[in-house]
């Protein structure tokens, strides 16, 4: 049954030390900022975090890294102009980095949710990122063996949920949400609106409620605030 | 063409070379310029790997929407006929070979089409790859846009990449400020030169150049 | 329970045993009866592998819609909170272990939970598997509903399946007209019997039976 | 660019002898009956067909098999009470059968569209259908190696297309459509309606137009006819 949390703090309260946590979002789009802030507050540590990036500026995931709560990050693009907290932790040897091409990252998360034990992908073949990995030639082309990324929790952001946890997203904020919801044992979702069951058209549901454990309504920021975030 | 060519003219040339009706992904940086020269008549559909087909121009003013960005995290717009999908579906479009053309920047390209554009190889660099390897392996044609020579005069079209590669045998065409090169089974052909000649270029490059067919 | 039990009573028992809020797939045949005894209070969501969660009862009269069928190709209905998805996504739900319970019929079940329900093994039979193997391997719990004995008195709960198996070590519980069996690490436990005793059953079966804990 | 065909015959005219053809549908839901009929008319033979079943009664795929136009069928459930044409051809040794568990069939089609070279699936492990296949133990569980099913053509049915080929489906008629459209070199789609580009909400498009080559509008059957089909 869907757990409807009253606050972001309540929503993430179950995240335990040592957990693997998938965090959605690509840039600010789809980033569950309030859930990440709550995770920072709740104190869970020794985390393995999966996200496309490794935190930016002085907010969200970057602060989790600053506070040394992340022992390992699995991501595709950790190096950004404002990823100074990651840079510092990494150079100090205080965070482990597993660098994964973005499409392999997405497919590995998808594989976890879909019960696939491993798969061969052409991406990365012949590169540094395939060193030490099993490879195979298939129809004359080189492939690399990649494995699923299972997780204890997913923190994601959607536009709306109904009371059975069916989700719809908005524009490119969809990104990692649907595959992360499927890959985690427990999916925690912040939404702008919770509607009655039956109010979402079954044809347009993107994430079926079977993948969602907890939702919490977080009011959408005012437009001015949204623009300010974008302009960062 | 016998004149030197600028970045914008080069982008215009790439745009003109893309077949009508193509599905295209433009990498971050110089390749993004290509979008300025695609015409409505071409009916080109742009893909952005963070989950969209039918991407429009960069958003201005009130159009800016935090939930609608491109792979460079720049706010963009949506064209009629657009669609959204999740990251696994988006990279399935790339990896599955459904894009006709992908245009990328490069540090180096080898004579056999190996691409190096993600890592300088510097020992203290923090590596970051993003979607570069997926783009390199995914599209039917991978076009590279780059200056042909480094600031100290080294050719970036090389017998073998010295930088860590992004993908092997993936580049099919290289657009540079000096010439357009085609990577073919026979070797590297020079399709056209800009304000120089194939002989002049050959004198400065190790890779053997073949004339246009 | 000391009385013999019929198919409907057995379905009722299965329905009562499914935890509230579960996501469930009911196989074709006897398992379908279970849906008649699920109560709204239980908040059970039914999955059908041809692409739907939130499946409702069999369609009647005007409700019949060619585009809305279950895995047995019977017209069904849609409940509030339903969703549709394509076949790969639907089987990802199963294979990914997201269903709480799947209820299946069987020719045989082994003492270690191997299931045989797709092929009689007859040499001239045309084989057909459908979603049987996916269902067997996918759900957190696989319940089997079957008569315990064949018409000629052979136990269908066997030390090892003689029919071709559908999945290995997958069945966790067996509901029969004589008893309910739990497949545990210790072996096969008898949770309850219907109008018989564990001793009477043991006399007719090769599989060693353990009492309920 | 999308090809909008005027007739089903025109839509399938390019299907050549020896082609591998994915055919959508599960039962009557999503079955592109008019395209299959046109394929029968067009005369292409020596086909490899991929469908969940192997034809029913005296219609569609069953007739293709009756006419011995299908040299091989890849499906999950060929044996039905009314699959007599398949039964006859099979017993006469005149059609090759590759039997695939339904979820592996779907995932193999998905893999082809997604550029995956092969994958490990738990389904079928330890069974007759895994005999001779590579297996692997992953985290204590047995998996079978399965390969993508690439195809020359897909014949599918959707509810609506816009003029760039974006598709939406209807209820459980969606089934194999989206993954088949992605797996085939050329996808041919029959729809009930073709709308102007811009009339489909980008959030609800299920199959992006990049996967669609040809659409043809086929009027939906009257309700009575639809009911009659169902009652068969």
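Note that the chains take the letters A, B, C and D in the order they are written out, and that residue 1 is the start of every chain.
Methods note: a residue touches a chain if its C-beta (ideal position, glycine included) is under 8 Å from a C-beta of that chain, and two chains touch if they have at least 3 such contacts.
Note that this is a predicted model, so its numbers are computed, not measured.
Set side by side, the interfaces A-B and A-C show unequal numbers of C-beta pairs in contact, with more at A-B. If you average the Cα atoms of chain A and of chain B, the two centres end up 29 Å apart.
We define each chain's centre as the mean of its Cα atoms; on that basis chain B and chain C are separated by 54 Å.
Taking each chain's centre as the average of its CA atoms, chain B and chain D sit 35 Å apart. The set of chain D residues that touch two or more partner chains comprises 107, 114-116, 121-122, 169-171, 202-203.
Counting partners per residue, chain C has 52, 78, 84-85, 88, 92, 94-95, 138 as the residues that reach two or more other chains.
Under the stated contact rule, the graph of chain-to-chain touches falls outside the line, ring, star and complete shapes.
Every pair of chains meeting the touch criterion is listed here: A-B, A-C, A-D, B-D, C-D. Chain C contributes residues 20-21, 23, 43, 45, 47, 52-54, 78, 80-85, 88, 92-99, 138 to its touches with chain A in the complex.
On chain A, the positions that touch chain C within their shared complex are 1, 112-116, 162-164, 166, 182, 197-198, 202-203, 205, 208-211. The part of chain D that touches chain A in the complex is made up of residues 107, 111, 114-122, 136, 138-139, 141, 143, 147, 168-171, 201-204. Interface residues of chain D, counted against chain C in their complex, comprise 26-30, 76-80, 86-87, 90-91, 97, 99-104, 106-107, 109-110, 121-129, 142, 169-179, 206, 226-227, 229-230.
Residues of chain B touching chain A in their complex: 48-52, 64-70, 73, 75, 78, 84-88, 90-92, 94-95, 114, 119, 125-134, 137-138, 164-168.
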